[in-house]
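There are two complexes below, and they share chain A, which is joined by chain B in the first and by chain C in the second.
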Partner chain A sequence: MKSVVTTVIASADAAGRFPSTSDLEAVQGSIQRAAARLEAAEKLAGNLDNVAREAYDACIKKYPYLNNAGEANSTDTFKAKCMRDIKHYMRLVQYCLVVGGTGPLDEWGIAGQREVYRALGLPTAPYVEALSFARNRGCAPRDMSAQALTEYNALLDYAINSLS
Partner chain B sequence: MDKRFFNLFNLTEDQAIALLDTPQAQISENDSRYIAASHLVNFPTERSIQALIRAVQQTDAMLENRIVRRKSVETLGRLQAKQALSVISWCLSDEDCYTVENAVWAIGEIGTQDPLILEMITRLLDKPGQIYRVIIHTLAKLNYQPALERIRRFTNHSDPPTASAAITAVCRLTHDTTQMVQVVAMLQHPNVLARRLSIQDLIDAQYDDAIPDIARCPVSLVFRLRGIRLLAEAGFANGVLTFTKIQAYLEQTLRDHPQDLRLVHSYDRLPELPALIRQLYETDFGRCYLATKTILEHYADAAPAALFAAYAEEASCDYGAHFHVVKLFGWLRHLPAYDLLLEALHNRQPQFQKSRAAAAIALGELGDSRAIPELQSCLDSNIWDLQYAALMALEKLGDRSDYANLMAADNWFVREKVQAKLAVIN
Partner chain C sequence: MLDAFSRAVVSADASTSVVGDINALKAFVASGNRRLDAVNAIASNASCMVSDAVAGMICENQGLIQAGGNCYPNRRMAACLRDAEIILRYVTYALLAGDASVLDDRCLNGLKETYAALGVPTTSTVRAVQIMKAQAAAHIKDTPSEARAGAKLRKMGSPVVEDRCASLVAEASSYFDRVIAALS
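What follows is the complex of A and B.
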């Protein structure tokens, strides 16, 4: 699983060298941010269902044209698709907070997933919008500390960027 | 191309163009340019294409704009807008690897034999941090022979799906299929995306020898059916396949019993039933099939009550778990689930589409002849896998109608199935 630590060691090993000063600084930075990441991971794990539900409910409320009835235009389509996928991506975001790198999102959520969405004509817009809402909704210190929120938002940005 | 979801946002063309043209800083909280860029796929007009081109030319690097640019490139590809080729080619040198990926893909959709563009795409193989699969796919699709040796270097790439794409591209460019067994082996990769993507590569290579292996690959049947259908259609058109050769694999896939799959996961000890029920919500269907198999083998008596509870609580609106609950009630031959299965059979919400064919198969397993007219009413559907699954279920329920009217069905498999039935009757 890719993290700052495994990336540094893998590059050093590939070149047959010890980690450089800048490598060690990167590891040090990651360790310093670990407490904030784990705080965010804990808060997210304890509230995953609510975060996901709130994201898609708010998204539907935000876009009145999503409320029209009918088959492919129905809100049910949007809701069910969005809820399932957003929970999946939130879980991967939580793993990334624990790992201290984007490995879980890269390996299980992004690599190849874009190709699958394109090939099957599946919409990315609903969860890009819902994840954007989740990113904008987080509030410090109400939900978590400011440092923890920074770590959480950075990973949400990463997921939004990679899925769109 | 499945277009069920294209019209999700119900905007008019004028509204979508106006949104896309609004500067990002002036977008109201209630609107999204990203949705507008997605939605214009429904309007193959010069006005929409020009609006999308203008969006690609907006190069502000902020996240909200970057994702709009990328989506606009993708939509231009879907619209096969030749007039956008130069602006899309300009994106090939973008710093953002996903913009580059979408640009390469869009060029593949539009199609070109311009050697300058093709060489620009090939040179991306030497650039670190790119999504090489789509680059390799596009070069093979456009049959760019000068890229062959540069693609060949990727056949041993450390990322299995990249290696798989490269082996496939070499096969397509040289017509030498000897290495395709490596792609077939990828159908058993522990990573679900690697398994799904290898099916795409087998389709691209028209490697129909892999149909029996695809039928046993532990991914959602949507991917397996797509693979078998596209390979069979190509093989039939080329005169190398007949329906008889693939019928058993097709029906095995539509039936979709976990005992017919080669599962890649295993448990080190038997999980409790609630943990197995949770597994039905996984996005990796390989894990769901393992849970289903384990439930059938170890918890057949306790499972129905737990499945009804899961359905009431959450599975009725999770399109993955919904599918597996429907399947399980069929394998358990649990008659009290009849009404639930009937509802699933007639559920027209698009995200539950695959549960409809699953419900048909499950009703066949239940053995209750009340289901016969319900299944017959599905034969008029335009969803071919539902039609076919309904025919299989009717067969299982002993219905002896000939369904000769389905000889005019849109789908080749359905027509062949009916023809085979008629041959037996006559």
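What follows is the complex of A and C.
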């Protein structure tokens, strides 16, 4: 899993040297930013179900045709699966906040995403709408501190870009 | 390769749940500078630690440098020093990451079989690792032995906290123990 620390170690290992001062500086930089990330991760973990539910509702509201017979949100099973997908994205965003990089989204969300949605005949626009709603819903300092919100929004932007 | 953060993520993903135990990670972040000091203490003294550990191992078993011993001739002694440095380096990486996966994947996996095939004596290797374990503890605590170091005594002089980084000493020791367990 790619993070600042593992990247630093991998390059030190490739050169066969002990961690140098600049390696340690890089790790320290990542640690100094960690407080905001972890705050966002903690707040998101505590409210993940509601965040995902609001995002899901927003995208169905914008694309009501999804409820028509034969569409992606038509049956209870489909609805549960749509809801689960949104929750997966929010969970991966939380993982990225913990790791401090986009590794979890890259490896478990984005890799193969396009192929899967094409094979299943799913539109990506509703996902974009759901994540955009979550992107614009957060508010500092009501939900979390400004720096934490910046980190959180940046990851949602990353996920949105991967889908559009 | 994982670090303390990605380890938490991978284990949370196994149960498709969010990372719940943020406080453990906050503690990791809070003691981050101590960890970097500990890594720096080992990295800065690495060559001294390695040569002392190998010299100590040979002092206790002179047969190693006599004809037919595993540190004779110089070519094999050099290989021994190189291996000790490699092991110490991976332990340092593990300490920096806060997770043993880099040590397991890149150093210990297959090491025992390799040494068995090459005829490297396990007991001597383990002894050298034990000496490095004691040295690492002394350097992280910044309490190198004045009696043994003599004129070569070298202290990091970093501001040492009350408990002399006991948790980091224990963590580094656990990585050395992992090496010993993998070899024996």
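FYI, the second predicted complex is superposed on the first by the 125 of 164 C-alpha atoms of A that agree within 3 Å, B and C clash if a C-alpha of one lies under 4 Å from a C-alpha of the other, contacts with A are read in each partner's own complex, and residues count from 1 in each chain.
We adopt the following convention: a contact is a pair of C-beta atoms (placed from the backbone, for glycine too) under 8 Å apart; a residue touches a chain by one contact, two chains touch by 3 or more.
Here the structure is a predicted model, which means the values were calculated and not measured.
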Exercise. A:Gly138 contacts which: chain B (first), chain C (second), both, neither?
Worked result: neither
Exercise. Touch check for A:Met83: first (chain B), second (chain C), both, or neither?
Worked result: first
For this session: Examine A:Val98 and indicate which partner it touches, taking first as chain B and second as chain C; both and neither are also allowed.
Result: second
Exercise. Which partner does A:Glu115 contact after superposing on A: first (chain B), second (chain C), both, neither?
Worked result: first
For this session: Once the structures are superposed on A, label A:Ser3 by its partner contacts, choosing first (chain B), second (chain C), both or neither.
Result: second
For this session: Take the contacts of chain A with chain B and those with chain C, and give the residues found in both.
Result: 88, 108
Exercise. In the complex formed with chain B, which residues of chain A make contact?
Worked result: 62-66, 68, 71-74, 76-81, 83-84, 88, 107-108, 111-116, 118-126, 128-129, 157, 160-162, 164
Seminar exercise, completed: The answer for chain A against chain C in the complex is residues 1, 3, 5-6, 8-10, 12-13, 16-21, 23-24, 27-28, 31, 34-35, 38, 41-42, 44-45, 48, 88, 91, 94-95, 98-100, 103-104, 108
Exercise. Any idea which chain B residues touch chain A in the complex?
Worked result: 1-11, 29-32, 34-35, 38, 63, 66-67, 70-71, 74, 98, 101, 105, 131, 133-134, 159, 161, 191, 193-194, 196-197, 200, 222, 226, 281, 283, 317-320, 348-352
Seminar exercise, completed: chain A partner, complex, touching residues on chain C are 1-3, 5-6, 8-10, 12-13, 16-20, 22, 25-26, 29, 32-33, 36, 39-40, 42-43, 46, 89, 92-93, 96-98, 102, 106
